[in-house]
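Paired with subunit B in one complex and with subunit C in the other, subunit A is shared by the two complexes that follow.
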Partner chain A sequence: MARIMTGVNWLIPVFALLAVVPLVAGPFYSRLVATGILYGVAAVGFNVLFGYTGLLSFGHAMFWGTGAYVVAIGTVKLSLGFPQSFLLALGVVLLLALVTGYLSLRHTKIYFAMLTLAFSQLVYAVALKWRSVTGADEGIYGIPRPLGDIEDYYYVVLVVSFATLFLTWKLLRSPLGLAFRSVRDNPYRAEVVGYSVNRVRLVSFLVSGLVTGIAGALYSPLQSSINPDSLYWTFSAAIVFMAILGGSRVFLGPFIGGLVYVFIQDIAMGLTEYWLLITGLILGAVIFILPSGIVGFIVKLAGGDEE
Partner chain B sequence: MLGIVVDLGYVAAQTANALFYSSILFLIASGLSLIFGIMRVLNLAHGAFYMVGAYVMYTVFTRLVSGAEVGVVAGILAAGLVLAAIGYLVEVGLLKWVYSKPEEVQLLLTFALILVFDDTVKIIWGTEYKALQSIPWGSFRVGEYLIPVYYIVTVAVAVVVAFGLWIMFTRTITGKKIRAAASYPDIAAALGVNTRILFSLTFALGAALAGISGAMAAPILTAYPGMGTEAIVLSFAIIVIGGMGSILGSFIGALIVGFSRTFMAIVYPVLEIALVYIVMALILIIKPTGLFGEREVERR
Partner chain C sequence: MKPVLIVENVRKYYGRVAAVDGVSLTVPEATTIGLIGPNGAGKTTLLDVISGITRPDSGSVKLAVEGGVVEITGKPISVITMLGVARAFQIPNVFDGLSVIDNIRTAIIASKRLYKSISRNYDSLTEVDEDAKGILELVGLYEKKDVKASNLSHGERKLLDIAIALVARPRVLLLDEPTSGLSALEKGRITSIIESLKKERIPMLIVEHDLDVVFSVSDRVIAMHEGKILVEGDPESVKADQRLRYAYFGE
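Moving on to the complex of A and B:
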């Protein structure tokens, strides 16, 4: 049961369910669900590092925002097509992850978190001040959406997201994924067994950043605009929230967390202009009532193992 | 700067700006550092405490007390007391349940508090910027530039607080008990120290410092929702630069951040914000315990 609930088999029904959305819902909800899917992929990326490798990044907004910005710059300022811009974004994100990962992984725990925070704020500062390229505080507008309509672009988001999720899951099931967990559970033993702990962590950092960057790169065409808020530390905190909300010890937990987060926001915004208050109260409640997250809780109810 | 005639009055005015800004940053960062140093809790809501302090000042100054000088003094005291109470309630009601939980739980809980405080402030005070309209004690002239006397008062308050914290932790029984409780909670408890109450008091004191910081910032920087999100991340930079848990470190860190931002904004604005985080990252890479931190870093 647990294997079924947490494994790759669940990608297919979730995919099928999400594929129906544009057929039955209008552009508003298609955009909302697509946003949720991308938040979810971003949180899964974060969780490769956090849940599977045991490192808390407090700067994942830098990968999301960089992916989003490079696609925006590529399509609007360099007049490249979306596929070229997307590939360019992945390249830039990988480079960013390589540099920040190499430097941040000199430490673990709180100092690692602080370094990732410093680097992401640095990227934020660049986006805020480099007006000729990033549009400074106004950001970039008029990002062309491949296939035009939201309902059509939705399927680009869905297919690329699930391909990413599938490949991530494959990787986490591979010997490399086992190495991640071995480093998480006992770095000393992992070292003794023959893993290069630092190299394993760096690979995890690269995968983690790349997956979150892919989600970001799909996000700016969806919204057709992007601004520095996407790089601010509060979004990094939101990504941590999504992962914990869904459950960081289950592969699809953070993905569901991202989807639920978007709906919490939407419902709270519909109820009151003070939707942050509602979000904050729900976040507080999750910590106390559902410490293993929504999906983690369901898996436990079903009597299954996590992971 | 080569070939540019330096206007000393301008330099003096900007130095005063930087000193004022550094003082505000020190007051908020020292509270954050205190709470981390003693309790090992990274309190993201500390910026929200700073924001609430600014609003308390606004209300006391514009509604409750007449006269700018009295108003400011009353506002600072009120902000300190209100935030001490809020801090105490937050610690006793929420935080003490998550001490044994991993860091991310503490970060998320205090992040949740930011969201709650930001909207609560909007409900009570509205969304627009709240300016105090007048600054007490007037100003004095240096060359062509006017420097508010209030800047000097703020610097004095920061210095007095720094000195007071130093006295408290090195010369008083309570301070020594708090340090004992931080280093060896079990032994301190066995020797009859009530660590529970000391933690609550430490948190209340840290929150009060954030409140005082916000109150002192309000006459110059106004009060607005979300002002805490920028303050908290700069405070993190400061305590990382100075060394987490070190009051002296917070003082030096605040000066570094305050001066680099003020003068970068003039000399090379493109790097105004980036420089702070470049310094933060460099310190973390080279000496993660910060300039004045002592604690050894865990390698894994």
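Moving on to the complex of A and C:
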């Protein structure tokens, strides 16, 4: 069976292609592509839950934003190094995912989505109000970037991102990944063959939140600043958009979706202040014309099979 | 013979209607029990109570395991499955997005708790694939192992559903209408699968509308009517019982 864009072998050419960017493009495009890579990783994380486990989270900005904020607080307010702040961020994100996942997974479908939305708005409210720690609506500035230049930090982003993608892919190919897909397809049957469906979903939620959190934790040093917008529900929606844009049934779909999204956003923002309208129209068009997303479409075109 | 499954005085009401009204039965080891009765007799509800899908209002279900008998009433579905109660469904209940072999792999992975081996690929577990091959050959789906379950025919989906139920090497197997909606050819295949499971001494409780199938495969037959057991005995005596005719045709 053809595994086009679904196999790990596709990580290598994509990695190689992205590794060239800082050599041929200036800091502006390096930053843009690095942002796209991180958006892509965040969307892959979201898709562990959505495409592979069948649960739509409408609150993934909370993991992205929390990762970003903890690194900002660690490096700026606590004077920790980047590696320590990064690890701290992963710990906090996991804890957040454990609590919000445990509570949200009492429901499925739209109720689950609404609960994740509610929790993410709660985290947003904390970031907005806890001025002494989060800097409230102004956020945190002057986050040190490891290795200094954007073009150098780009490689930190690239390597950590692809290590994360590889491990995520490995996990999805493991027996646990098959359990995720079984629960997605038929939770009732999954329970009758012996899976504790709730526990499988919680593990997926943890992995999903962690991967999105890793991307967020790399994001704030890239921008050297962070503000509550990164936790706002519109960013959760953007993550959903990226996954669908790229294709949620193909491993790399959401990653490509994230990269493409950054360019759509950049071009649309340059055209009009109503850029959200343009991204909305594009999403509508994708769902109508390419229901399986950009990568899903390419896979089908090449006669391959999704997943 | 030693009982494997013991159902004691189970009652289940839906509103004021008793779907199951004080049913007691046992499934002894290496025995196939056919459960018959008109629609609404409470057969599927009884299977749902045994497999933990429905909680009874009263009564208990017990299962003989190594070192004793455990009460399984009210335990979570997955726990009851892991204790050895396997179930196939009237309407095929499979994993539609997965290939045929992945349907079996996931069931084996669940039953052997292999989902913890996250460093391995799910499709390179040789011990799983050997078992999966055997089970798929038994139900005659091995040639279709790479076909997505959603692309199978109704009959093939039923066979796959039964195959999923078989992976756990169950202590007792509950089959709900294994031949409903099947062609004569497919019915024959199901009957021969049941025969081979009988040879492996797997205790079975089979709900079935096709009385020819039931009377040919069962060691004992229980007829239910309006939530109660109406007649019970060996196939010949149940077949001859006038009360059965009355329950089905009201004559």
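In the analysis below, the second predicted complex is superposed on the first by the 300 of 307 C-alpha atoms of A that agree within 3 Å, B and C clash if a C-alpha of one lies under 4 Å from a C-alpha of the other, contacts with A are read in each partner's own complex, and residues count from 1 in each chain.
To be clear about the criterion, a contact is a pair of C-beta atoms (placed from the backbone, for glycine too) under 8 Å apart; a residue touches a chain by one contact, two chains touch by 3 or more.
Note that this is a predicted model, so its numbers are computed, not measured.
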item	value
When both partners are placed on the shared chain, which of subunit B and subunit C touches more of subunit A	B
Partner chain in contact with A:Tyr141 - subunit B first, subunit C second, else both or neither	neither
Partner chain in contact with A:Phe263 - subunit B first, subunit C second, else both or neither	neither
Which superposed partner A:Ala179 touches (first subunit B, second subunit C, both, neither)	second
Subunit B versus subunit C as contact partner of A:Tyr188, first or second or both or neither	both
First (subunit B), second (subunit C), both or neither touched by A:Ala118	first
Partner chain(s) touched by A:Val197 [first = subunit B, second = subunit C, both, neither]	both
Which superposed partner A:Leu171 touches (first subunit B, second subunit C, both, neither)	second
Shared contact residues on subunit A - subunit B and subunit C	188, 197
Partner subunit A, residues of subunit B touching it in the complex	42, 44, 94, 97-98, 101, 103-105, 107-109, 111-116, 118-120, 122-123, 229, 233, 236-237, 240, 269-274, 276-278, 280-281, 284-285, 288, 297-300
Residues of subunit A that touch subunit B when the two form their complex	50, 56, 58, 103, 106-111, 113-115, 117-119, 121-122, 124-126, 128-130, 187-188, 197, 232-234, 237, 240-241, 244, 274-277, 279-281, 283-284, 287-288, 291
In the complex with subunit A, residue positions of subunit C that touch it	51, 53, 76-78, 81-82, 87, 93-98, 102, 105-107, 109-111, 114-123, 125, 146, 164, 167-168
In the complex, subunit A residues that touch subunit C	1, 170-171, 173-179, 181-182, 184-186, 188-197, 200, 307
